[in-house]
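Next up, some structures in C-alpha cells.
Each of the two complexes below includes subunit A, the first together with subunit B, the second together with subunit C.
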Partner chain A sequence: MSKAKPIPAQDIKPAPRPAGLVLDAQLHLLDRQILDVDGVPVTTVDDVELSGPAPDEPIPEGAEAPHITGLLTGPVLGTRIFGGRPPSSRFIRIPWDMVAGVDTVVSLGVRANSLDASWVERWMRDQVIAKIPGGRHDPE
Partner chain B sequence: MILNDILGRDVMDSNGERLGEVSDVRFALDAAPAQLLSRARMVGIVVSPRTATSFLGYERQDLSQPWPVAQLLRWRHRGSFLVLWEDIAVMGPDGVRLRSEFTAYESTLPR
Partner chain C sequence: MKRLLGVALGILTAIGGFVDIGDLVTNAVVGSRFGLSLAWVVVVGVVGICLFANMSGRVAAVSGRATFEVIRERMGPRAGLANLTASFLINLMTVTAEIGGIALALQLASGVSYMLWVPFALIAVWLVIWRVKFSIMENVTGLVGLSLVVFAVALFLLKPDWGSLASQALNPSIPSGEGSGVYWYYAIALFGAAMTPYEVFFFSSGAVEERWKVKDLVQSRVNVLLGFPLGGFLSLAIAACAAVVLLPAGISVTTLSQVALPVIQAGGQLALAVLILGVVAATFGAALETTLSSGYTLAQFFGWSWGKFRRPAEAARFHVAMIVVLLAGVAVLATGVDPILVTEYSVVFSAIALPLTYLPILIVANDPQYMGKHVNGRAVNIVALIYLVIILVASVAAIPLMIATGAGA
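Right after this comes the complex of A and B.
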C-alpha cells in the first residue's frame, strides 16, 4: 500500500454544521444492539443499506445525497473472521422508518415479533422451549 | 449500496493519488420529520491517512481520558478529514475517487 498524500493542516476547513443529529456509522450505528419498543433485544446492526449510488459508477454532479434505507443483520461471524461480507440476499433488513432512536442502543418503534430479524427467538420458543414440560406457562 | 462495501476502501484524488482510507461515513438527520426518526442523509466520508479502523472515535470527539489512550489515538488519526458527498466522484468496492476541486473539512463531530 502506497503512503497517503497528506493534506496540509491549513487546507482543512471547519466543517459545515448540519441542522439535525449527526451520526457516524462506525461510531454510532454498526454493532449496536437493537431493542424493540418494549426493550426486548432483537439483534445487532451488522451493516447499513444506503439508497445509492450505483457502486463504482460515476456520480453526476448535483446528485441527491443517499440516505439510509435500512439496518441489516445477518450471518456475519464467518466474514468478520475471514473477510468479505455475506451476499445481500442473506441479510435481514430492518427499514429505517421503524427506527425510533439512536443512543447507546438503537431502539425501534415496533414489537420484535413483527420483525423477520427475531425469527431465531420465535423458532426457539416454538420448537424447543414449548416442548419442555412446563415450558408453555410462567413459573408458578 | 451496502456500507461495508466502502468502509476501509482507499480514497484517491482526481489524479489517482492515494489520500487515505474510508474511516467512517457521516449521516445527518436533518430532513423533514417523519413518524419516528427523520431520514438519515449521507453528509460525507471521513478519510484517515493511516488507518481505516477507529477506536471509540477519540479523534472525532473531545474525549481526553484516559490521557495516554486519547493522545495515542489522536496521533494515529492525525490528518483525518471529512469530504462532503458533493465532492465524491465515484464510490464503491473498488474505492472512492474524489472530484478535482474537493474541499477537506475537519472530521470532528459537532457537539
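Right after this comes the complex of A and C.
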C-alpha cells in the first residue's frame, strides 16, 4: 500500500475566486426562511443540493466546480439535530432556478401554492381551517 | 393632529398592555410580604424590557424578520429547537395563567366558580384571535386595561404614610421574619414578571404584523419609553397598595380577591367594579398576546406562514397551533390546579428562560447584514451587556433559590 505524498503547506494555492454569487452555505442558506413571490413564508432551508461527481467516484482533471442545483427541505429536523442521514425520499426539493434572490431571506419567483414544499400547509387549510366558519375571511 | 392621536393611543395601549396576571399577582404578593423593599427590581425590569423591546422592534422593522426566525437562523437547528421547546413551554404556562386570570376576575364579579368561566374565556380568546384585526385587538384591550389605574387612585385614597413608603423603596432592607433567600427569590420572580420573554416575541412579531418600517421606529420608541415606565408605575402602585393594607394586617396574597382588598377598602364597590374591568382587560389582552406568541414562535421556527394580517386559511398551521395551545392551557386548568400558583411559577420560569431570547436579539441587532446602518450604538451595547449579566445571574440563581426556599414559602 503506497501512501500519497503529503503536499507541503506552502505549495497549497488559494482557491481561485469563482465567478458569480458567492454564498456561505452555513451563514447564508441553511435555516434561512424561504418566502414565495408574494412574500408568503414557505419553509426553511434544511440542506443544499450540489451538482458534481457522485460520491466515491474519481474526479476527472479540470472538472467543473460543483454548484447549487436546489434547496432541500422537509421533515428532516431529527437527523439534523441527532445526526445521521434521512432517506432521500424525505427531502422536498426546490430547484435553484426558482430562487429569485438571497438576502436575509431566500425569495422565490413562484407562488407557494405551486410547490410540493407547502403541501402540509395546504392540507391543514383544506382539511381543518377552511372548514371552520370564517376561516376564509379577512379579520375585521 | 392625527399623528399626535396615534402617538397618544400607542402610549396608552403600552401602559394598559404592560400589566398582566404575572405583574398583578407577583407585585401584590411581594407588596404584602416585603413592602416596597423590592421596588428597585421593578425599575430594573422596566429599563430592561424597554431596552430589549426596542431592540427586537428595531430588528423586525429594519430586517423584516421576527425574533424566532432570527433565533433559528443564528443558533442553528439544535440550539434553536432547545430554545423553542423552553420558550414554548413557558409560554404555554403563561397562556394557562392568563386564561385562569380572566376566569378568576369573572368569578370575583359574579360569584360563580372560575372553573365555569374557563370555557367561556377560551372561546372568547379564540374568537378574537380568529376574527379580529390586530390593531383593534391591541387598542381595545390596552385602553380598557388602563382601568387598572384604579390601584394608583386607591393608593391616594388610602392616605398612606408617603415618607415611610419612600424610605422602604429607597433604602431597601429585608423585612424581619423573611429570609434573604426568599427575598432574592421574589426579586427574580418580579424581574421575570416585568421582563417576560413573550413580550419580546410579541413585540417583534407585532412590528411585522403592523408593517413597521424604519420611519415608524421613532413612534415605537416613544410608545415603549413612555408607556412601559408608566406601566411600571402601575405595577408599583399594586405593590404599594398591598404594602399599605395587607402587610400590616399580616395577609399574604394567595388569591385574586386578596389582590383586590386594598382597592375595595379605599373605594368600595365602584372601585372594585373598575378593578375587575381592568383585570379582565389586562388578562384578556395578555391571553391574546401569549397565545399569538406561541403561534409566532412555532411558525417562525418551522418557516410556516403566520400573522393575523392574513386570513386564517392563508396561515393554516399557525392557527391550528394556536387552537392546540389554547386547548392545552384549558386542559391544564381543568385539572383544578390553582391559576395563581401557575402564575407564580410562570414568572420564575420566564426569568430562567430570559437569556435564550435576549442573547440572539443582541447578536443580530449588531449584525450589519441584517441591520445595515441601524446596528446598535455603543451606549446601547454597554447597557445591553450589563443587562445580559443581570439576566444570566437571575437565570442561573433561580432554580437553586426555588429549591432552597421551597418556591418562596
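The rule is short, and it goes like this: the second predicted complex is superposed on the first by the 118 of 140 C-alpha atoms of A that agree within 3 Å, B and C clash if a C-alpha of one lies under 4 Å from a C-alpha of the other, contacts with A are read in each partner's own complex, and residues count from 1 in each chain.
Definition applied: contacts are C-beta pairs under 8 Å (C-beta built on N, C-alpha and C of every residue); 3 or more make two chains touch, one makes a residue touch a chain.
Small disclaimer: the values here were computed from a predicted structure and weren't measured.
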Subject >> Which superposed partner A:D24 touches (first subunit B, second subunit C, both, neither) >> reply: first
Original post:
In this superposed model, does subunit C or subunit B come into contact with more residues of subunit A?
Top reply: B
Original post:
Looking at the overlay, does A:Q33 come into contact with subunit B only (first), subunit C only (second), both, or neither?
Top reply: second
Original post:
Does subunit B (first) or subunit C (second) touch A:T43, or do both, or does neither?
Top reply: second
Subject >> Contacts of A:M124 with subunit B and subunit C, given as first, second, both or neither >> reply: second
Subject >> Contacts of A:D97 with subunit B and subunit C, given as first, second, both or neither >> reply: first
Original post:
Just subunit B (first), just subunit C (second), both, or neither: which does A:G134 touch?
Top reply: second
Original post:
Looking at subunit A, which of its residues have contacts with both subunit B and subunit C?
Top reply: 30
Subject >> Residue ranges of subunit A touching subunit B (in the complex, touch as defined) >> reply: 1-7, 9, 11-27, 30, 47-59, 61-62, 65-68, 72, 85, 88, 91, 96-102, 109
Original post:
Which of the residues in subunit B come into contact with subunit A in the complex?
Top reply: 1-5, 7, 10, 13, 17-20, 23-31, 34-43, 46, 49-50, 54, 56-57, 60, 79, 81-82, 84-86, 88-94, 99, 103-110
Original post:
Along subunit C, where are the residues that touch subunit A in the complex?
Top reply: 63-65, 69, 72-73, 76-78, 80-81, 130-134, 136, 299-300, 302-306, 308-309, 311-314, 316-317, 319-320, 369-370
Original post:
What residues on subunit A touch subunit C, complex-wise?
Top reply: 30-34, 40-44, 73, 77, 80-81, 104-105, 112, 120-122, 124-125, 128-130, 132, 134-140
